[in-house]
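What follows are several structures.
After this come two complexes, each holding chain A, first together with chain B and then together with chain C.
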Partner chain A sequence: MTFLEIVEGPLWTLASSVFLIGAAWRIFGIIRLGRKKDISIPRASALLGAIKGQFLHFVPHGGFSFRTRYHLIAGYMFHLGLFGLLIYAAPHVLFLKENVVGFEWVALPRWGFILTAEIAFTGLILLWIRRISDPVMIQLSDADDHIGSWLTFLTMLTGCMALQESHDSLRAVHMLFVDIWLIYMPFSRLMHSVTFMFSRGYTGAFFGRRGVVP
Partner chain B sequence: MSVDKAIEVLKSNIDASAASYLDACVHCGQCAQACHFYENTGDVRYTPAYKMDLMRRVYKRHKAPLSGIKRAIGLVPDELTMDDLKEWEDLLYDSCTLCGRCTIVCPMGIDIAGMVRKSREGLVAAGVVPEDLISAAKRAIEFGSPLKITPDVLRKVCAKQEEEIGIPIPIDQEGADYLVILSAMEVLQFYEVIGAIAKIFRQAGVSWTISTDGYEATNIGIQMGDKDIARTLVGRIVGAAEKLKVKYVISPECGHAYSALKWEGPNLMGRAYDFEIIHMLELLDQLQAEGRIKLKGKDDRRLTFHDPCQIVRRGGVVEEPRRLMNMVSSNFVEMDNHGTANICCGGGGGVSSNSRAETLRLKAFASKKKQLDAVQPDALVTACANCRNVLEEAIDDYEMDMPVLGLTELVAEYLDETR
Partner chain C sequence: MKRIVFHRLFGVLCLTIMLGMGVMSGVAYAQQSGAVPGNTTGSVNDSEFWRSIRQGGQGLVSIPNKTAGIMIQSEGEEWRSLRNGPLSTYGGYLLALSLGAIVVFFLVRGRIKITGGRTGRAVPRFSQPERWIHWFVASLFILLGLSGLLLMFGRYVIQPIIGKSAWSAVASASLQGHNLLGPMFVVALLIMLGVYMKDNIWQKGDLTWALKGGFLSKGHPPSWKYNLGEKSWYWLLFFAGLAISTSGLLLDFPWLVERVQQLQLAHLVHAGAAVVLIAASLGHIYLGTIGVEGALDGMTYGYVDEKWAEEHHGWWAEEAMKTRGDVIEGAGETMPPEKAPAE
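And then the complex of A and B:
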């Protein structure tokens, strides 16, 4: 079995299993803690508050300046770029068709891929520079934050290197990083990609009852 | 008192919402910009997300999903020590007013103020609490009020107000519709509010009373994070309301009192009340809408309104004070970021009762000053006696010339008394 066959075969199966089971366990682990029933008389709907909370925090409000604008712009560049690549990069469309969903969709043209990758890289690098240079972020950050950033960076970088698909070894290296990323994700803060919905939802519901969602 | 008790309390305070907050925080630090303590000192320890660190460490070590695997290979944070608790004491008590402004900028929508409250409960279990708050709690339990406002003092203040305005102030009247409670700061410093209430209620035909069994709205237990004390103090009001068989208890111009009584009270007591809680601003707005109070003239000074965090951002009473302001003012201007985005006075959440935090509190006021400087009001109106006192002190300290008014008193001032 070649290295490529290992990373696309048994290691991929292992990684995606760890990812799915681990992520499901993390989500179940949060939900199982439950919350005490709030018996105060609500002024408005908790459910509507939870829904409003999901959307409200996509854009910070309250008239903040540099710190917020920097994170808002860099954060959206990275996340939108990453999702663009993940879903619309031609090799991903093919891989997902063959290994996950069974159908394909329109992929990005080569120039679109390059542009999207540049946006994503710029966003990620800007966020990481901020993490190592801003005193507040230095104080808050731990190893997990840095590992998550670097693992995502290397996964994206090896993906760009493998774009031509001229060498199996480049594709194999990319797949190796994808597998590592998938195994790391449920144990790490990368899970914020799921837990943000719970966080916004709980706060929205809590305050929604009070008739205000801050 | 021990660190073990603190850890147990922190563990028990980690429910699904707390877990989701601790899992979702990506350490972006945007909350720092919303915090007047960080903004005016530049001290990174005051970053709101950092104040959740005791909870984070307990969660990661003991309760997080997959923490067992991580613990087995030594990848969890160290167990908390008494030194950790002492190190976080000033972060949790001196540099957080529980104002919750950090939530509005958080991309994850984390209720950091709520997490600070839960963390304070851990410190209470370990006895790591500012001395001033402990003393205030003792006075509240022993004398009925953190500022030693005993029933006798209350009666004297009410009698003096009766004499001044010539309207009877009903005390301990069974069967009244509304029970008025007051914060210690109102009785001590802003007692004219009692006369203002009497004037407004006489015109509106509101049946009301004050109780000598449960009159103190200030709940030091809520501020320090002691649920037992909080329950005892809420219980006094609930007991008084039920004894007098009132239909409503009016939460006064006091920020955290509203939260304590309306939102946390039933949960502390473990049961719903037999009466309703209504905030003074909600009631005044309602009386105005029903045409039961009539005003004459308006204040033509340039007035602005300071939103008490626990009534507005965390309480949901947002539009009522604005409608009332427009009723009494012909020149009402809003500050930038008013309403749910407003900046705290700097003294909420027990900070104003904590004398060692005074210098920091006054530094934090610089954010509020910036907001005020931008609109240059002739006077500042608010609806919380604690905010009012803190604002007055800070305005004096910054050598600004600006009176601070209570909204209920302002409404009373413009009542059409010929009606």
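And then the complex of A and C:
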């Protein structure tokens, strides 16, 4: 069995299983925490607040728009870019078809891939720079934040380095980083990619019940 | 007798016919192999035909890329000789010289410390946008520099160790990464050059700093926000950076040029300017990190110790404290313990 077959076969199965089970476990843990019984008379619907919260938090509160501009822009560049690459990069579409879903969809053309990758890289590097140069962020960041950033960066970089699709070894290195990334995710803050919906929902419901726009 | 004469005449006739056929067949062969099909270019023999190709003569092709009509591009050999010869050799010497100079400077001068230690009072030096763009360009510069050096020297340094097959993969990876990150660097570099230009324009007193010994001086000659050494680094980055960016874009988007010779020239400019810039950047990195105590604080925290400012950039510190009065009392306490003021 070649190295590529290992990382795309048994290691991929292991990594995706760890990710799925780990993510389910984290969500179960959040739900199991429950919430303190609220005995106040509801002024509005908590459910509506939870739904509103999902969308309202896509943009920062007006009072913070200037101070959050940098990481708002960088954050959107990175997350939308990464989403575009994950779902619409031609090699990913093929891989997901063959290994996960069984069907394919329209992939990005090569120039679209390059542009999306450059947007994602720009966003990620800008976010990392804020982490190492903002006095508050320096204090707030720990090893998990840095490992998560670097692992994501290396996963993306090795993917782009394999863009020519001329060497199996480059594809294998990229897949190795994908597997490590998936395994690391449930044990780190990278899980915010899944849990952000719960935190927004909770905050939205909490304030929504009090008739406040979250 | 008549019979003998007849036989001789018949023999001469046969010989004449055979020789004639032979010559004619030879002429026919020469015309078929030497002439260009259709006889449109006027070439009539092999030597002219191949000489035309060897000298870069362009034929007609039916595909959109008309440069494909050139079978042998002679300047390519000159480009290859320059790239694998003087450029790689002297480029390598320059990098080694830069590293050697840093080691010698460190051995002679040691780490330049803040005299009497930190005061704990800090002077703002770089704003957040200045730091953000600096680190963005620096990150890309390191990635592009490493991948570029691999492409330039890898075949001499890496290939003998890991073998041709593995080297092929490393080279392909380096090229793809280099091409992808390049355009981001160009945009970021232009922004950074604009952000930092104002304080890097030469001022009265810059030469005095250099004449008093600059970095080599035991004391600390006063300077503005940037001394002449730092300003020289900025202008080197300006000119070499723009040359690298322009040539890099041409290499990344080759359809922007009409002739392959322009790409070869762009490559030589790109690699040459990059080696010079990388060699100089080693000095910049050294002085900005381990070479000068307190220098890195400005680019990480945004402010520097008051004592450091007075020692290294006396005129700027005086002006900054006088006109803005923004020395931050106790700012040093927010720094990590190892950077806290001396007791």
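Observations on the model:
Throughout what follows, the second predicted complex is superposed on the first by the 209 of 214 C-alpha atoms of A that agree within 3 Å, B and C clash if a C-alpha of one lies under 4 Å from a C-alpha of the other, contacts with A are read in each partner's own complex, and residues count from 1 in each chain.
FYI, a residue touches a chain if its C-beta (ideal position, glycine included) is under 8 Å from a C-beta of that chain, and two chains touch if they have at least 3 such contacts.
Computed from a predicted structure; not experimentally measured.
Upon superposition of the two complexes on chain A, no clash is found between chain B and chain C, which fit side by side. When both complexes are overlaid on chain A, the residue A:71 reaches chain B alone and has no touch with chain C. For the combined arrangement built by superposing the two complexes, chain A sits at the apex of an angle of 120 degrees to chain B and chain C, based on C-alpha centres and given in steps of 10. Using the contact criterion defined above for the overlaid structures, shared-chain residue A:41 touches chain B, although it does not reach chain C. Within the superposed three-chain arrangement, the count of touched residues of chain A is higher for B, of the candidates chain B and chain C. When both complexes are overlaid on chain A, the residue A:195 reaches chain B alone and has no touch with chain C. In the superposition on chain A, contact of A:169 is made with chain C only, not with chain B. Within the superposed three-chain model, A:31 lies in touch with chain B and out of touch with chain C [touch as defined at top]. Of the two partner chains, chain C is the only one touched by A:129; chain B is not. In the overlay built on the shared chain, the residue A:160 is in contact with chain C alone; chain B does not reach it. Using the contact criterion defined above for the overlaid structures, shared-chain residue A:211 touches chain B, although it does not reach chain C. Taken over all C-alpha pairs, chain B and chain C come no nearer than 7 Å in the superposed arrangement.
According to the touch criterion, the shared surface of chain A, contacted by chain B in one complex and chain C in the other, consists of residues 134-135, 138.
Remark: chain A residues 70, 114, 117-118, 121-122, 125-126, 128-130, 132-135, 138, 157-158, 160-164, 166-167, 169-170 touch chain C in the complex. The touching residues of chain B, when paired with chain A in their complex, are 14-21, 23-30, 32-34, 38, 44-45, 47, 49-50, 63-66, 69-70, 100-101, 103-111, 114, 262-267, 270-272, 276-277, 312-316, 318, 336-337, 340-341.
Per the touch definition, chain C reaches chain A in the complex via residues 128, 131-132, 135-136, 139-140, 166, 168-169, 172-177, 180-181, 183-184, 299-302, 334. Against chain B, the residues of chain A that register as touching in their complex are 22, 25-26, 28-36, 38-41, 43-44, 53, 56-58, 60-65, 67-68, 71, 75, 131, 134-142, 145, 186-187, 189, 191-192, 195-196, 198-204, 206-207, 210-212, 214.
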